[in-house]
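Here come two complexes built around subunit A, the first alongside subunit B, the second alongside subunit C.
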Partner chain A sequence: MKISRKAMLLAIALLGLHLIVLFAGFLAPYDTARQNRELPFAPPSHIHFVDAQGKVHFRPFVCMMVDRPDAFGEYLEDCHRSFPVYFLVRGAPYELFGFLKTDLHLFGVDAPAGIFLMGTDAYGRDVFSRFLYGGQLSLFTGLVATVLSLALGMLLGVLAGYYGGWCDAAVMRGAELFLALPWLYFLIAVRAFLPLSLGAKDAFLLLIALIGLVGWARPARLIRGVVLGSRERHYVLAARLFGGSDLYLMRRHILPDIYNILLTQAALLIPQYVLAEVTLSFLGLGVGEPTPSWGSMLSTLQQYSVLVSYWWMFLPGLVLVPVFCGYVLLASELQPGRRAAVA
Partner chain B sequence: MRFLARRILHSIFLLLGISLLSFTFLQLAPGNFFDDMRLNPQISSDTLARLQKQYGLSRPFAGRYLSWVESGAKGDWGISFAYNVPVAPLIWSRARNTVLLSASAMLLSWMIALPIGILSAGTRYRWFDHAISATTSFLLVIPDLLLALGFLWLALRTHWFPAGGMESVKLSSADAGSFKDIALHLIAPLSVLVIGSLPVLFLHIRAAIIEAQQEPYIRSAQSHGISSMRILFRHALPSAAAPLTSLFGFSLASLLSASLLVEVVMNWPGLGPLLLEAILARDVYVVIGSVMFSALFLIGGMLVADFLLFAIDPRIRTQGLA
Partner chain C sequence: MCFFSCLASAQSTSTNEELLITDNPVGHPGGRLVVSLRSEPKTLNPVTSADISSREVIAEMTGDLIHINRLSQNTEPALAKSWKVSRDGLDYTLKLRRGLRFSDGQAVSSGDVLFSFRVYLDEKVNSPQRDLLIVGGKPITVRRLDANTVAFHLAQPYAAAERLFDSVAILPEHLLGQAYRDGKLDQTWETSASPGQIAGLGPFRLKEYVAGQHLTLERNPYYWKTDREKQRLPYLDEITFLFVPNADAEVIRFQSGDTDILNRLGADDYSVLKKDQATHSFRVYDAGPSLEYNFLFFNLNSALPANSDISRKQAWFRQVKFRQAISLAIDRDSMVRLIYREMATPLWSPVTPASAFWVDAAIPHPARSIDQARKLLRDAGFSWSETGELIDSSRSPVKFTILTSASNSQRMKMATIIQQDMKELGIAVEVVPLEFRSVVNRIFQTHDYEAAILGLGAGDVDPNSQMNVWLSSGNDHIWDLGESHPATAWENEIDQLMEKQLTTLKPQARKLLYDRVQEIIAENLPLISLVSPNVLVAAKNELANFKPAALDPHTLWNAPELYLTGPGASGQP
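What follows is the complex of A and B.
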């Protein structure tokens, strides 16, 4: 299997994105639950280089946000005092990768002012920090659910294709059942029969299991088709005549045929599953407050007043476009031709 | 005819299977509708037990399933705990809005995708094809959720078309509920669904026609000097029609999913908001009813595709004779 240069570059770009959200604790200036009740829906902070006297600073600075005296819910910058942006500062403690306890942040400003690269939400929480942490949940749900889905699909698809007979019939009838439902309806209905309010960790695991298990049917069908073909190859027959066991034949001769499909399917499924998480959380069926995910962050947009007034609340949704773009391009690179660009 | 009979039988078995599957999940579900009442000191545990018995919640799996099938046969499809009415009329009052939305989106997106797909495949690798392909690739990567929110934003900002709902408020406008009123409200959700499903349809249609054009008999037709227009419409399109009819069923599936989301975001009174409401209230028979209806709609769509296939593909029609 040859992977083209372009596919490699795309894969590296996507890997970089995942690394960014993995280092959320370090890159985010604030804790996701830290509220600034006096600053709800503050717009993104301006990063200044030139101060009120016209002097140019090499170290960028931000100004304090204060309420506009004549309007409710709007802010002015008070640049009487500048708050320089420092790098590698001590701040709120967090656990990198879930176990490295530290309080080092890439950047930050001194206390009374705040640096909000993407503004703040209804509780005055920093959207940028929540965006990074939310990406952890959204992106990794997609990733792990895809692995689960493909593992199950591969197991059942190979069994069905290789052994045929009643095994094949059972798996294929099951797959038809799963495919005969619009997947969002199915996903939501299964979610209906599970506990509604959960802790962040339970909700994360539940979402992975749910999204992964509901989606096994399509990859299983594809893999079965390929296995059906490769089972009949002459070299497989020859290996069988030499006394190769079923397990050996699968590992040595059948599985290499489906790696390419697995890779392409992964590139197609991951964005779909990320979207599934975003959708479920948006509808209030995924992770709840205060844990951020891109979906739950977008769900504030269900209020019309937020939708029209605060454009920065769209940012967690807008980032889905480049993510999808990367995965779709990767999929069409991995398998040029007809099915590639189409989910 | 044997083909069609087999497809219909198959669909019925699928529906039965889906109902069994949903009931199995239901059996695994923790808690029920009356759990919240348990916290209410004014409701005694005797009352609760009686309610649970009355609604058949304490019966074993097989009994519950059979009585549900029976009520399905009677046209009730179980009872809604929250509304205390049979599920079927409740769902139908919402489902027809979903059908209105999805069917018009389906029709419109095929009516747009088919001509531009044919044109694009016909003028392959020229500027029109490149422009259309680039546009659709761009649309492909925009999630439906974002599209829906974007259109809502546009509606609220510009007031070009109504934002959310299906009818104007009765008091504020005289023609609330009229055809024109509903058509205006249809603009935003319909646009989202059409834009969302267009790229996939277009890519499939273009690919199917291009594949058909590469067959040897097309080349022989070209060498006979038949005009390229005639080749496209008389020779390539009929052979591309078969894969496209099966695409019909699949496009319906993704459209229904997208429709659910759009309905919730845009407040369209369809199945989506009902389903969501029922889930939060643990109104399980409404959940099962909605799922069954979506499956019915989808399987019905696939059956229509099969019928079309039967009509246009002579190989299937003559299967029984050979």
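What follows is the complex of A and C.
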């Protein structure tokens, strides 16, 4: 299967983004839950290279953000003291990849100043740190849910297509049922029934499992179609005549035909599942506070005052656009014959 | 015999009506007001209405015997021009104004009053108003003394008896009598009713209802109030209630000029509008503290299965020192600042400063102190592990979940702030947002929760409006529902004090009793009070006599006195 140069570039770009969020602990200067209650909705920090006297500094620095006493949410910079930005600093401890305990961060400033590359939210939490950690949750929910959907869809699609008969009928009717299911209401209903003591991590895993399991139907139908076709090929019939078992035939002859479908489906499903997680979190039904996800960060925009006053809260949403475009373009590049249609 | 009399009675020369003369600044007639409603009224029937939108509209179409002035918070004569109370406090004799007519021109008499109370108290009709008219376990009784005098009898003396009459609409027997006799009263006066079928004693009457869009009321030409210069009120020709689905849409409609009043703004929207008011022709108003109180509470229900997770945790929740420590660790000032931009009051008691007379000023307001909180926890037998987690005497880590409604962003923020505060005590808190009805179900039916954040809005400043919360048998005794007997000594004391103040007639004596109730609550903390938001409203500059009040309805309570200056109201809906 030939992969075009464009597809390669897109794949590398997406991979790069995923690597960045994987290193969230290192790249983020602060812990996601840390509230700076005197600095709600602070705008992104100005990085200065030139100080008040006009002198150019090699090392960038930030100033203290002080709130205006008469106005809520409006700040002035107090540059009496400059706080240089240091690199490779020791900060809040975290676990890289979930198991490497360390406290090394790429950059940081000394207290009491803060470096907020994307401003702060309603509780004064650093949006940039939350954006990176939130990306972990949102992007990897998409990936894991896609793997689940495709695994289940592949299994059922191959079985239905290969064996036909009642197996085919049963799987296809089941697929129709799942396609008709209003997944959002289903997930909301399930969330209401869950025991309250479910921890954030368990709730997240359950969420992924649910999103993934609900979406097996479309890939299954597509795969079944391909399997129906390739099952009738001459070399398959020949192999069967020579005594090949079902498993051998599936592995050797049928599966290679569906790799392409799997890849394009993956590229289409991932953004859908990322959006599903973002939607649930946006509605307040995803992973709970203080764990960030792009959806929960965007949900503050539902308030009119935030929408018109604090532009930096849009950033998670703005990043979602190129991510989705990347995946959809990748999907269209991977389709055999390179037809420009988006399925 | 005590004697209360009205301000003055005016005799209209042509019809011999006894009208009420108001003392507001005199306005001029004309104009249309447009107000937004967040949901459509379900009915226009005062007997069956229960939802907020219906009651808002019905309030403009109906009149009551004695009315509570929303600004002064005191009772004043309405349809009853004067009344006498017997010395034992059991009998109230009310004199009605003579010569009044309903909005369809038919005369009003004591027969309508009798009919109205018969309908409200009828168990078959099952009006939500019925419970409010039960004193000492028995419904109040009414009898007719003559065409313009009625006498009410209570089973026991009741301190706030006058307040009972507020918002109990007097119904026209000539329109509803037949429906009542046929048993079909609850099906009359739906929103689909034609204007000719409905009549009331309010400042306005129904003009038209367009489902999904708006409901318009027009001026009642027979309204029984005039201003000092004998102009019959209301000044406005029409009020249109525009249906706007949510708070953010309401703000946008107001800014664009579609509506004239914004009722109950959020603090964030208030700030946005405040910046605009210099360049636009509207003003925002901060009407001061409201009666709403938000609080954190723990599940203290005794009716839970003994070995469940929650009942194990109740061993912590039941300790007073645990609750006191939690309260000391909560950063109320940050809540006031971050959630309400300083337009709120931190609370250490559920009685807010809006009840100027009843609030107990002696309740301590301890400053936030993590050290004090830790000391209390140590005294209660808790300690900390090497990793800083709070552990109980059997070394299990202390953690709990806080339930709150996903759709209420203010309470979600309170939960998030408390979660971070609890971290400083070593307690791991999970915030669980659920859909509002699931929250209500878990708290009131299944009791399947550990802690929750809710808000209650007192309907009136009088302590009797809170009976259901403080009585052990009350429906809103949320931390421990379904108790016929008090579960603790302090709840027993509260029960006795609340029962006693119900029948104590002298306000000062009642206040002493209610102060003691507030002290017990502040000491034992069944509800850990957090904040009370201010009443924030906005109105166009052309609207005169606009006086927002802390009591509901905040903006339209004096609708008869509102008038428009300048070139009339806003344009087409």
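Here is the rule we go by: the second predicted complex is superposed on the first by the 316 of 343 C-alpha atoms of A that agree within 3 Å, B and C clash if a C-alpha of one lies under 4 Å from a C-alpha of the other, contacts with A are read in each partner's own complex, and residues count from 1 in each chain.
Throughout what follows, a contact is a pair of C-beta atoms (placed from the backbone, for glycine too) under 8 Å apart; a residue touches a chain by one contact, two chains touch by 3 or more.
For clarity, every value in this text was computed on a predicted model and none was experimentally measured.
For subunit A, the partner with contacts to more residues, out of subunit B and subunit C, is B. Legend: residue contacts after superposition of the two complexes on their common chain; A:Gln302 is shown touching both subunit B and subunit C. Within the superposed three-chain model, A:Ala122 lies in touch with subunit C and out of touch with subunit B [touch as defined at top]. When the shared chain is aligned, no partner comes close enough to touch A:Gln53: not subunit B, not subunit C.
Of the two partner chains placed around the shared chain by superposition, subunit B and subunit C are both touched by A:Leu283. In the superposition on chain A, contact is made by A:Gln35 with subunit C only, not with subunit B. Within the superposed three-chain model, A:Phe324 lies in touch with subunit B and out of touch with subunit C [touch as defined at top].
Judged by the document's definition of touching, subunit A residues 188, 191-192, 196, 283-285, 302, 304, 308 lie at the interface with subunit B and also at the interface with subunit C. Those residues of subunit B whose C-beta lies close enough to touch subunit A in the complex are 14, 17-18, 21-22, 25-26, 28-31, 137, 140-143, 145-146, 149, 152-153, 156-157, 163-164, 200, 203-204, 207, 211, 253-254, 256-258, 260-261, 264-265, 275-276, 278-280, 282, 284, 287-288, 290-291, 294-295, 298-299, 302.
Residues 173, 176-177, 179-186, 188-196, 275, 278-279, 282-285, 298, 301-302, 304, 307-308, 314, 317-318, 320-321, 324-325, 328, 338, 341-343 of subunit A touch subunit B in their complex. Of all residues in subunit C, only 247-248, 251-252, 266, 268-269, 271-272, 309, 331, 334, 337-338, 341-342, 401, 403, 406-407, 409, 412-413, 415-417, 419-420, 423, 430-435, 438, 448-450 touch subunit A in the complex they form.
Subunit A contributes residues 33, 35, 37, 40, 72-73, 122-123, 188, 191-192, 196-197, 199-200, 283-285, 288-290, 302-306, 308-309 to its touches with subunit C in the complex.
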